[in-house]
């Protein structure tokens, strides 16, 4: 019990990772009705590109700079350069994400406009294979890590015995930042309405002069940026490896829980799933202990509960709210 | 001519027609703050064509939805042939002999015309997932019988032979409406609810549709509830008219009388005669 | 119409193969499948692949994909849980056969029924959930079932002996192939028949427009659950066959990846078409294996880039699927229909 | 020179179904032109060909030219065509069901560079024409009644302020009172804002009353075209589109004969 | 001369490729190395290798291809998934399967006559780990592993042995292979306050546990199974592994100072590799020795018989001497224990071993 607070905070922190990744799904779904099965691979690409820029290119760049303009190189302290490198890697990763998704949009998604949604979803599944293949082709499959880590362990948050690594605070920060910017973006532009119009009926939207292509490009870009930033941050938790893409699957309960088309919902969904993962097993454990005491039984708490509990909770919530917490109920009318 | 030998379905209900085939009692239906129906009640006699008219948003479609148990009114009852159907599940209503067409076409777009019509017969067929999958003996004979009956009676009546193998989605609007009627007929209806069957049709097709409705009513003895904005049709073919406005009944009576009712003119008809019908007046 | 088809009886009009061309083509196809083991060795020598094994898997997956197509293609309910339902069928069949000594036919039937039961339980949310919400609810089924198999039953790996029927043992790859081919054909025929009768039409109605289906008298709940039941029965059956052809059941074979793969089969093949599952499984499996041929050849010439070639093969595979979908978004069976309708009217196309 | 001229176009669906077979028509700037025809004649297809929406279906203009304001627009994307001032009000009450009535209107003003104020004003204008919409403005469009949806669809056209507005069966499903009003509104839009109108209608009498020129199409071709005055006096038009009986009196739906009456100008 | 066809089923692009790819490299390099020395009895090894991406159906078909088309009788395999799925077939086809799944269950020839592997089996490893803990003063131990056949395999053996040693055993914990945080597991462990924790995961998940333990379980030390302990561990654990993480070393780390390493280093031109490369390499060396001893009896049973003649076979110190008998396929009951020092994997104890007890064959 004394750890409850720590569990809640950690749960929320993990939840914010889910929230960050889930947001990308919601943004893309909102205007295209497409569940992007390659979202996890976007995360993967983000992680690898950031790592490559940060770790491999840094050395080359420094070397070149130190040779060409030693005085510039000397002007900043190593800590200062570290900051510059982090910022540069960060920005370039975003740029890389944008380039990637705009190319994808142009080559793959645009020709699929107007085709059955399920076929487009299938395309994203195939896309996942391609992206994964590209990553293994370029960077091979070995585990790599940010060296030195960008978000150091020691500047984490101490909560009793638990230390929350600093990277989680950053993730929290970015999730909030994205949420606020999207809220403002949708409030002060008419893009939000256009996006939903496109999702509702592409043909009619086109008949009103809404460019489906532009809307697709915008939402895929935002979705991809969120994902690659997520990849960069998540890659700092425990290094990058080919399984980073599993986030694509693990955040599904979060997306659905929040309601597919709701960005805010994705955040709430992520946090709730995080909490379920951290409090659920504890509660089940306590319940089992109580039962054992009451009936003098010797039940054991099943293991790996945190893998299934989100799904159990998800089904339970969906039975009460079939469109998630903030999703839009489908019109049922004849 | 009720009882004619060519009738697909014998006329239902008591010949005297004392008890109405359908009785709507005090229906109340609210959506949030909006009262779509605020205490509507009327009766439909056996074998008639009963029209329901009223301004847009008056609640006409809502009444049909309540009859089909698609909407669940907060208050009131629907009585069909003496049986209170206000508690039945939606799908059970079809089995009783209530069929309908929809305002926005509700066909199964990816299927052929024939399959759409066959689906109308669903509630009256027996084959299950085992016998159907084997497609032997009974299931096969049943399918063939349905096919023959649909071809020879319904498709023939509605003159849609040439399109029966076509996929419904690509058909023009007017034909889709006709297919919808065909599907409703396949349900062996005693009561047929039609929601704006003539909308979007040109004059010729409207005339055809009117003829079909009259045939169905007179030769097959099916009672028809007809919602229609084309006043020419309503005036010509209906036996009785109910007028709704804001979820309440504001008038009822024979068509000619209703059309002279000043309330009806003010709320619904307006002054411009040309707007009343596609048919020249 | 000068060149349409006319039939004297409704019976003929409702037949599955309506033209002589089709009947001949189908008969030829059947002969080809039956004769396959006799020239598969020759093919294998040509390509350095084992075709009998590949074809056996294709048959098993066709059966499962037909099941998923019934649920997703015909009834409109996406499932991401079919991998797990297949696992249930496989484990049930394996355990009943090995531990309780059930005859293999009974065992795979029981496996199918067990999968059907679980499918129906996890199908209950379909009463309220639509589209992707339902898809993710079935993903929950996938995760929970595998978790149960692994954690609670500690199923791990089960060894299964060969199937025997009336003293005849399905112990060679050839016999296994025929066994699986038989079941795949049976499942396909069943689905085809089902879809042209009352139940099948109701499924499609539920998919296209469940609201009007209800008004017509289709009991939504019944048909949604029924669809889950039949569908997971078929995939459970496929699981049982898997157990008896591979002689081993391990939970790792039936993960989320398999569920996604099943979905890929039917989308690429064509949703809501009985031929869809056949085309989809065949296309994707052949593509996958045929890509192995150049990869293999190249890695002999350039042994240093063996790993790169493996990645490249994955990339090419994904790209081909993408390009294919861009040109044929409705799946292969759509193309097949175009070809067929062309042949129907041949030589007077247009 | 006409604002819109369609020259001899051919349209094919799915690479096989030939729907328009050399159709031509012209719409003068500032005119109201009616396009009449039976179901399946290809009226909607014609409008879609002009607005470019055909490209979003499996349809294709394979021959001929569509010229708007002196420029060929055949190959433009639909959104570009809208930006040039051609707006199609689609048939079949295609509202965005998941958006509220008001959001539907806002979406329609997508190409309009107007401030928030101006947008609000325009919305109010639409409400002035259709008070019922104002009452239901925050309800999801999917839950509106059929007629209300129809109002919304027309209202969207008004939001876009196009140069050429193409209306596909605007009176469908409206009460007689509103049918009268709709045509008045169309006439007013034409008169007050100078919007050119191409009108597809089944209610031929109303359409011919407000239009100056009419086209009648059958089977993918124009079979008759003239000023509305002359059309109204054409015997065939009178009989098949206006429902005037042989002797010039009112027909009744009850008297429709039980045989198939099919008369076509061609074929 | 004739070639000896050998099958290779590897994970190059799949879920376990992060270690599988390097293992495959080891196998492939060793085959080339053996061939460069003139092959086996003058016959070249012809390795048919393919990537199965940890997809079982693909492994099954690759297997059938190797056996039926390429006529192989020995296969270099990879993980738990393929090994388990193939085991029944191996018996029937009499094909030798040398995988990297060191599940003790495979060491009993009565059940799995054709399975061979070169690493200390997981159960022996866990027993040695328990012994190590006991010897270092542990009183309480706890088992933490992923919910996966690889993780579960040795747990029963570990518990039984720990009990025998008189160690107190805490409740099991599970940490997923893809976990990014183990706070809750650590908090529960904390209630029991173990001296040593067995970690049965792979490197990333072990790093997560060790990192989190820095603040939650600062006293505990970790004993890591062979797939969770490699040069990536110190990098991922960021210093938290220093002096607290001990790993099972069935083979020596790449670059260790043993005679067998020289050839390997020369062959790979010093390009750095992980431990897993060494495992793959040794697996081939052992196979080659078997093939050599089999002489002309190039068949599954022939190779089996030949391998079962290996007694204290030396791989140049790359791993403990290997012995297979017809009743016991445990390669050895000796392994090294590694530790992390200055961010590097070092060998802490070169050899820990236990007697080869018959009762532990297969479990």
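For reference, chains read A, B, C, D and E in written order, and residue numbers begin at 1 within each chain.
In this text, a residue touches a chain if its C-beta (ideal position, glycine included) is under 8 Å from a C-beta of that chain, and two chains touch if they have at least 3 such contacts.
Since this is a predicted model, take the numbers as computed values, not measurements.
Separation of subunit C from subunit E in touch steps, taking the shortest path, is 1.
If you take subunit A and subunit C together, the chains in touch with both are B, E. With steps allowed only between chains in touch, the distance from subunit B over to subunit E comes to 2.
Put simply, the chain closest to the centre of the protein, by Cα centroids, is C.
Across the two interfaces under comparison, A-B and A-D, the one joined by more C-beta contacts turns out to be A-D.
Taking the CA centroid of subunit D as reference, the farthest chain centroid is that of E.
Averaging C-alpha coordinates per chain and comparing to subunit B, the farthest chain turns out to be E. One inter-chain figure worth recording: subunit B and subunit C are separated by 42 Å, centre to centre, where each centre is the mean of the chain's CA atoms.
Chain centres here are Cα averages; for subunit C and subunit D they lie 47 Å apart. Centroid to centroid, with C-alpha atoms defining each point, subunit D and subunit E lie 74 Å apart.
Chain geometry summary: the mean Cα position of subunit A and that of subunit E are 34 Å apart. Annotation for subunit E: residues 12-13, 21, 147 touch two or more other chains.
Subunit A has residues 132-133, 136, 140-141, 303-304, 307, 333-334 in contact with two or more other chains.
Multi-chain contact residues of subunit B (touching two or more other chains): 70, 102-104, 106.
Listed by label, the pairs of touching chains are A-B, A-C, A-D, A-E, B-C, B-D, C-E. Interface of subunit B with subunit C (complex): residues 68, 70, 89-95, 100, 102, 106-111, 115, 118-120, 122-123, 125-129, 132-135, 139, 142-144, 147-148, 151, 183, 187.
Within the complex formed with subunit A, the subunit D residues making contact are 51-53, 56-57, 77-79, 82-83, 87-88, 90, 94-99, 103, 106-111, 140, 142-143, 156, 160.
Contact residues of subunit A toward subunit B in the complex are 334.
Those residues of subunit B that touch subunit D in the complex are listed here as 31, 34, 54-58, 61, 103-104, 159, 170-175, 196, 199-208, 210-211, 214, 229, 231-233, 236-237, 267-272, 274-281. On the subunit E side of its complex with subunit C, the touching residues are 12-13, 21, 24-25, 28, 32, 48-51, 53-58, 60-61, 64-65, 68-70, 80-81, 84-89, 92, 147-149, 152.
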